[in-house]
């Protein structure tokens, strides 16, 4: 393998160990995975609180994933670059999910307000009696809508203002 | 082309007038200031880059194919870091002022006057706190305004260049922005999020006579007239306008009221009254005719049929047309529908 | 270090095997590269034809030559064909496939079958896209925004599946390039001795591998939404249309760098070769490619400042956006510094490279307007944006592609391209491009929204200038193609190294032999041009006697 | 299949210019190690893109779970934890056999290799069988995705005990069916790859010098397992 000696930079990288897993390690890992599976199923009997439940479940899944990655996929013995690719991809997934999540979470009130009057169902949105005024969702003061303008009493609204919606629910157009 | 050279002449006196429409909101001032800061930074950088490029090309020309430049300098870390720093500083400045203006436009004061904006294919509908609605936007002058925007069908985007503001109308949620109007004036508005066939007519557009489908010309200037605009009115005029909008059909018979609604509620975009086919079937000769539907059934065009077609347009799609019409449930009252039926009846 | 001997005398790859089947079944990266070059060029002409129809329609304010719906289909097809069929595969898959293994001195890319598979996946994806055109043609814009695309009678599903498939072509090319560069570099070529084109292709490939799958899943969900009523993006069913935009731009912003990074790599090669001077700030250019690739993943939200995205997210994305300005600026400055004190030879490829710098500078600088939050709120979705990204993508990629084609054409086909036509084409595209797109900055600032079939009369003058420019640009591109294609018939026979460049591809004959090199040569210093002297007889450069 | 393409390439045999003494060594590689390392890098890159591909679905999951946690609590009542747990065990066992098949190939044990591959394929079919039971049960009760979500009153009563379901419940099932469905398609892809491998193993292609394809397909199979390791608690184990 003459080419290796000449590639100073790649010397260690290219050295492949042909690591063979012993039956003990393989079976042991598998047993570990089975135990963790039992643990995660068992954990639903215990309530740690809504957030903590998810964290416990994900922690166990993470531990199982690490076992599979490091031993079954022999990442523990693999070249550094392959490890980097895999965990690099994980980092990009996390970035993608977390940034999108931050945005969506912060917009929740704007959607909830809309849902309050237009309920989404498999058949398409259905108008319902509103419980909150959408105008109040911006975070600013809800009481101050019309400002100083005086509206004549006799003028009845022709089109429902979001806080004055019709009594009967109606079915909005469906997607298809 | 004549106009363009005229505009160029103009620009030497007033670059803002060349690049931008009027400033009609407090927000516009900051936007323009930041814009022109970047504008000058860009022009200076660009001139330097191109001047150097041209200078090098002329000065360091290859005289003969074997000409080898004597010095092969390959890097200079101080220089590299040095020219990155100004880029970074400009970036920080721009980010700061951009964010300030943006946060401002997203943070309405509690006493802002609220107008609801609803986009649908292919028109805007503005509703005011008294329940009045309009297809033009009327705003009081020198007042803080908050627009609460929503959409009935697909994404739209409400854009008023003179306010330097735009915001998407997203179905399933409310979006909003705030600004403060300045002096009374008339401005354009647009839809800037692509929304289908008539996207380009959703907003200020050239006025077309609903009956002849001809452009309407301004008798004084000879230029085409436009409709669907933003009117910033003095406070008193604004209140007067709101009253009128509250009851558009006052004093009109049913068919005339229907004709008014036909224009106002954007029926005009898809249904002609002269027999031509636009997006939907024409209204001319509709009344009493036999309608053949895409699913093979048919019906006679009577009150019931028209009412159904308005409220549940996808239920009975006439053969040869696409089911694109949105429902007008909630947008037209029972009275309105009767007026429209009367109008269709009158179109023999 | 002794330089590899110029390798001449084996049967070249074009003559190695005959018949159409020897092309269709070929595993040779050079032939695959040539096939990509042909199909992407056809795509460019097709997309260009759509563009001219769009511009012709916009010549007058009202209806000019087509209906609303036809216009909407034309601009959508222009975008979809140009982005997915042309820009993304053009430089990496066509030029990259040809040049990358030879620059490494290897016989082929790491996975030749996968390479051919990528090509046929591309063809399959393109067929889906064509079928969707034949069926009813999409009118959603190339961005497929929901809910317009989820509730639309047109052939969106077919087109979305086409783009889904094209994505896999892109992913596999990326995998192939990364594996090749990582594992098959010749003796003596460390990462920091690679030609800069390889760095930019490496960065591009990383983006292709990491971003494209997200587009794939997005379009799959969109298709399922349309065919099976899934409702993840459709607000009528409780879905979130803004979520679609997050998904879409997580791919499509990095995709902008898939489009422009390879172009930057080509320009780095051209500037150094034609200045006959070591590239200035090698490691800064190399790192800036990687920095752009990484930062490109973190700024997708700047396409969504007005979309209903939250304030917080917009502010974060705006801040991150400005960080991309630094590596981009570094590249431009380094190119200028390379030219300083060089021996500049104004060949056709160099003219393209210079117009790249001009156009890319405008594209980059106008990016600052759009990264600034409150200014973007005004400019978003107007012609300003249209002009900006055309300056980057067309000014960037198209100029670099033509520069690259004229530069490597002698290597690919063994014929010198027609220099006069090349220069004419460089001039025409440059003028046509600026006349087309500069007025659009003015239009955009004044508030002219994009994707408009008709517009207010006051915008008409600028639109007419733009349309005239588009036709000049079209002529320029046709002349450019004519200049190279005609050389196949009557072009002068190309020497092995017509430009005096020193990366490995210039060490094998033009066109290269079937397996490039009998044995993998040792690495050369790609930016040391001193070993070559002009040879009058072949009108090319040959190794100086002392080293030959 | 893409992973098969990488494997095929790692064994790129080209009649006119291969290494004539080495039937499975590509002409452009220096030796088997070089070929193996390159192929391995290729498959890891492929797995990286698979992660991002599933990442989109996990993102959709995270968004909706963040917005509407109630639909996940309600939705999981419709799923059978026992079947999910059994399927997890089946997949974990197949991962063991997949890892063992690599060991067998490295040792040059042809019979053992074929046995392990056959066991892996059997587990994959077992997994799909159980999935079929789950799916057909749901189809039967009208528990479908998105717009088609129309559960029978009995199914509703069984899961919700008379409590009115959230109006967005159908989105849980959209996510459930897309995630498990795409995972199922990956399982089918794995079966095809393993069938190809079985044929080559029977022909005696693999040994200590050349076992790249066995290793690469096992890596792919472990990734399919990894995805399920997360899907199981995210979809079935909610409370």
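As written, the chain order gives the labels A, B, C and D, with residue 1 at the start of each chain.
Throughout what follows, a contact is a pair of C-beta atoms (placed from the backbone, for glycine too) under 8 Å apart; a residue touches a chain by one contact, two chains touch by 3 or more.
Since we're looking at a predicted model, the values are computed, not measured.
Contacts with subunit B and subunit C are shared by A.
By number of C-beta pairs in contact, chains B-C lead all other pairings.
Set against the C-alpha centre of subunit B, every other chain centre is closer than that of D. Taking each chain's centre as the average of its CA atoms, subunit A and subunit D sit 21 Å apart. Our note on geometry: subunit A versus subunit C, Cα centroid distance of 33 Å, whole angstroms. Chain centres here are Cα means. That of subunit A falls 35 Å from that of subunit B. For subunit D, the set of residues that touch two or more other chains comprises 34, 37, 41, 45, 48-49, 52, 55-56, 59, 63, 146-148, 167-168, 170. In subunit B, 153, 172-173, 175 are the positions where the chain touches two or more neighbouring chains simultaneously. Among all residues of subunit C, those that touch two or more other chains are 147, 151, 182, 210, 214, 225, 229, 231, 235-240, 242-243, 246-247, 308, 311. Listed by chain label, the pairs that touch are A-B, A-C, A-D, B-C, C-D. Looking at the complex, you find that subunit D touches subunit A at residues 30-31, 33-34, 36-37, 40-41, 44-45, 47-49, 51-52, 55-56, 58-59, 62-63, 66-67, 69, 81, 85, 88-89, 92-93, 95-96, 98-100, 102-103, 106-107, 146-150, 167-168, 170, 208, 218-219, 222-223, 225-226, 229-230, 232-234, 237-239. By the touch criterion given at the top, residues 1-4, 7, 18-21, 27, 30-31, 34-35, 38-39, 41-42, 45-46, 49-50, 52-53, 56-57, 60-69, 71-76, 79-80, 83-84, 87-88, 90-92, 94-95, 97-106, 153-155, 157, 159, 161-162, 164-168, 170-173, 175, 188, 190-201, 204-206, 215, 223-224, 226, 322-324 of subunit B touch subunit C in their complex. Subunit C meets subunit B in the complex at residues 61-62, 68-69, 72, 139-141, 145, 147-148, 151-153, 235-236, 238-242, 275-284, 305-308, 311, 314-315, 318-319, 322-323, 325-326, 329-330, 332-334, 336-337, 339-346, 354, 357-358, 361-362, 365-366, 368-369, 371-378, 380-382, 442, 445-447, 449-457, 461-462, 464-465, 500, 527-530, 533-534, 541. Of all the residues in subunit A, the ones that touch subunit B in their complex are 107, 110-111, 113-115, 118, 120, 125, 127, 134-135, 137-138, 140-141, 144-147, 149-152, 155-162, 164, 166, 170, 172-173.
Those residues of subunit D lying in contact with subunit C across their complex are 2, 5-6, 8-10, 12, 14, 17, 26-28, 34, 37-39, 41-42, 45-46, 48-50, 52-57, 59-60, 63-64, 145-148, 167-168, 170-171, 174-175, 178, 182.
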